[in-house]
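Provided herewith is a single structure, encoded as structure tokens, for subsequent inquiry.
Should a chain be cited, it is by its letter among A, B, C and D, assigned in written order, with residues numbered from 1 in that chain.
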Amino acid sequence: MKPETQRSEQDIKEAYYRELRAKAPGIAYSELEQLVLAARMLAAEGHWANGIAGQITARAEAPGTYYTLKFGIGADEATPDGFMVTNDALQALDGRSLPNPATRFHTWVYRANPEVKCIIHTHPPAVQTLAMIGQPLIVANMDACVFHDNCSYLEEWPGLPIADEEGRIISQALAGRKALLLAHHGLLTAGTSIAEAATLAIWMEQQAANQLRASAAGTIRPVPDHLASEARDFLLKPQVIDMAFLYFARRVLRDDPDCLAANRQPA
Amino acid sequence: MKPETQRSEQDIKEAYYRELRAKAPGIAYSELEQLVLAARMLAAEGHWANGIAGQITARAEAPGTYYTLKFGIGADEATPDGFMVTNDALQALDGRSLPNPATRFHTWVYRANPEVKCIIHTHPPAVQTLAMIGQPLIVANMDACVFHDNCSYLEEWPGLPIADEEGRIISQALAGRKALLLAHHGLLTAGTSIAEAATLAIWMEQQAANQLRASAAGTIRPVPDHLASEARDFLLKPQVIDMAFLYFARRVLRDDPDCLAANRQPA
Amino acid sequence: MKPETQRSEQDIKEAYYRELRAKAPGIAYSELEQLVLAARMLAAEGHWANGIAGQITARAEAPGTYYTLKFGIGADEATPDGFMVTNDALQALDGRSLPNPATRFHTWVYRANPEVKCIIHTHPPAVQTLAMIGQPLIVANMDACVFHDNCSYLEEWPGLPIADEEGRIISQALAGRKALLLAHHGLLTAGTSIAEAATLAIWMEQQAANQLRASAAGTIRPVPDHLASEARDFLLKPQVIDMAFLYFARRVLRDDPDCLAANRQPA
Amino acid sequence: MKPETQRSEQDIKEAYYRELRAKAPGIAYSELEQLVLAARMLAAEGHWANGIAGQITARAEAPGTYYTLKFGIGADEATPDGFMVTNDALQALDGRSLPNPATRFHTWVYRANPEVKCIIHTHPPAVQTLAMIGQPLIVANMDACVFHDNCSYLEEWPGLPIADEEGRIISQALAGRKALLLAHHGLLTAGTSIAEAATLAIWMEQQAANQLRASAAGTIRPVPDHLASEARDFLLKPQVIDMAFLYFARRVLRDDPDCLAANRQPA
């Protein structure tokens, strides 16, 4: 190894990324367990403050089938048993469970984006408020850089997202990015992993809250593009995302150590 | 069933509404239990932050009699025993309990609106703040649509609502809608069920908080009327309201599983 | 009793006030216990968010002596043993305990206002923020009416309130009212009872928070004077104040049922 | 002692400072324990709300070595075992642990400021928001006076702080003060003790929140310099800082009495 004082910025960074890949822990939870943890960490951040709106879905084992939280169950009370599996037509595979009707538009996003593993759609307070004033998300601090050229904006609300037209519109608006601000409505994140969709949803609500306060207090100065894109690429490294997800998951498990028990009823 | 790709939007929605009616759970709690749960879920949302102002009432069994929380008891400590029954003249049927004097104006609303089962009047922080600046509630996101053409505004405060004049004014201002923003004062919701009055009160405070932040940060863009009215009609379906109420009730019961015990003293 | 429909507003109100005096519960806690409860309820409302600034004092048994929380003890950990007694020169009667130096200015207020029993001085976030922008408290909703012609404003900050000059200035600025907003500094309430000082301090912070949000979102419309003064007189009735205090006290005791134990060490 | 009425302001203050030095408690925790307590008190104030960004470091026993929280561990779950020791080149002395790459810039601050014992760098919500609008911290209330001529502002963000250039820039911007607002980024505090760095970080976030709300609601009036500097000197007295730190530490220990156990795993 060269003496530290002679190492270039590039050297230092690349050495660190190697160390990160070697030492960072991986996620050992099953996908259903990750969904429970994701639902609860989002609930802890206020994403289900308004009740039972919002959905979290992921591709299930069989093609064209999806995990989704049963309608009426709050994300803060999610357990493995609180999830159901639907097909593309939103029919419950178990014949009994009731899905949230808005889950239908998720299927459009999955069909158009084969790399997407998990979709989260919520109406948390700050995003919902930003959605009232027609401001796209602005990248103006380091943590917000995960959204640099990575958060689309759908300016017109197509109305209650129960049928197919909304699915077409939302899927098109996402345009291959990982996040979407839906005017008059809420947020959508589409991740290549459950961890990515969940952490992006948490951070999007946090940044929306910042943006509202910043707009009220002064004039927002965006981060220069080249710095934003470098920071985004670091913050979206799977090792960094997974460490953040595991940290939020430990918070969830500290609050309710038993939440992953297989047969536990929601409540 | 037709193949999914040939089904019209209308078909999809109607099929879902049938499924919703068939599968959604009903509320099995007694009315007194629902009042306890409603009081506590409102308290958890900050509706009694300022102490002992605010009332929650419902029609009791005998005509012209009403359940109301005893004056001095906070909504977060409500139990079945914390409620009393008054007549139209605000006399305690048990001869001992003290009602909140403002409960008097509720009787005016009940007399003028036979379909109203439950009335909630509170001064939660965001509604109270909106009431300071003379802004009616604006419908600018999907969740706010429950208030589309459904939230009146009383611009002049008649003063301390202890006697009859306030009852006449408030009852008239409601004008058959389910919600009312009282300038200089607070909110009133009047539901055909306890669940409806409670969820509307929770959502009204949440939307008032959104509106304050949105007004400070930018210019609010209202939702177009035809979309707002469709969303309102879905969100006010009794099955959707009841599922939201039951979810908020489970949160209450998780915090204090014993709160419905018949003889438990408040505190 | 006359039939309800023939009773005048005045009749209804007077009858209610008689009922209130007959039925409202009194405060049975000792003064030291009330101080512990007051300290903790203020802490729960964020009055000690910034650490160990702020004081709560009350006249002790011997003339010219005062209870005060020992310096370094947070209000959320107050116990009877956490209070000390000082004389007018801020000397600890026990010879050991350390008072907060700012307690000195309280003695000036006590000397100038024989009816004052308890003084609270804190820097809670919203009052502290209002104190940064030179806005006196505005009475623009029913709950704020307790401050109608009852909250003075000291526009110039005399600096760190450790010596006597600050006592003279603050005492003069209070001008016989029950509350004072200190520019660049915080709040002071001076009550004829511990319950009054405590509830006014809680409400002042809540109203300051409302005022900040209202100012950011629109133009505040003050309550007309005659309505404000009627509401103030109702809300300041000792029975109403005591019920609010007892409610806040029950919250404190639910959080830590053991906080009044005589020999319990703070922590 | 002279009669109180004849004592000068200076006399009163000096006598109090002597009493303070004689009676104030000292900090008996080891440095590693103080780091655990500091991490957790900052977490309780929201400094790790966004996940695993942020670092807390302190000089370790051997010159050029530093304690730092292992990357991926949240400050709210810190334990003695959650800390690692690195050298100046950010190499883990234990060969196994992974540091946060941004810890590298801390070493630049330590080298340039021999009196600095502890550095905290976080992105808490209000500071992060202030960092979006290019406003330096304004001293406009008594508690903010600790930052009078004591909080620098770095207007240009050098980008992701992983390599050496950021260390040079940040170290230079600090300019010997104890606090630094980093545009587009967050805060840094550099204390001569762990207690000082921690309390300043808590207060900086609180004052940033105040400033945002004050800016939205009106025009901020700064505190005159001579009063600000007197208050700063009092508030930064080691006895006052240590008492505040010990108070925040008791809160931490009340939440998790076992957090200082030597072999306890984070989580």
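Note that in this section contacts are C-beta pairs under 8 Å (C-beta built on N, C-alpha and C of every residue); 3 or more make two chains touch, one makes a residue touch a chain.
Keep in mind that this is a model prediction, so the values were computed, not measured.
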Inset, instruction - Find the chain most remote from subunit B, comparing centres computed as mean CA coordinates. - result: D
Inset, instruction - For the copies subunit B and subunit C, give the interface type as same if over half of its residue numbers appear on both sides, and as different if under half do. - result: different
Inset, instruction - Let me have the rounded angstrom distance from the C-alpha centre of subunit B over to the C-alpha centre of subunit D, please. - result: 45
Inset, instruction - Determine the centre-to-centre distance between subunit A and subunit D, using the mean Cα coordinates as centres, and give it in whole Å. - result: 32
Inset, instruction - Mark out which residues of subunit B touch at least two other chains, giving numbers and ranges. - result: 211, 213, 216
Inset, instruction - Report the complete set of touching chain pairs. - result: A-B, A-D, B-C, C-D
Inset, instruction - Flag every residue of subunit B that touches subunit C in the complex, lowest number first. - result: 49-53, 71-74, 76-77, 88-90, 96-98, 101, 104, 123, 125-126, 128-135, 157-160, 162-165, 183-186, 211-213, 215-216, 266-267
Inset, instruction - State the interface residues of subunit D toward subunit C in the complex, per the touch definition above. - result: 4, 9, 12-13, 16, 19-20, 23-25, 138, 140-143, 199, 202-203, 206, 209-211, 213-214, 216-221, 223, 227, 230-231, 234, 240, 243-244, 246-248, 250-251, 253-254
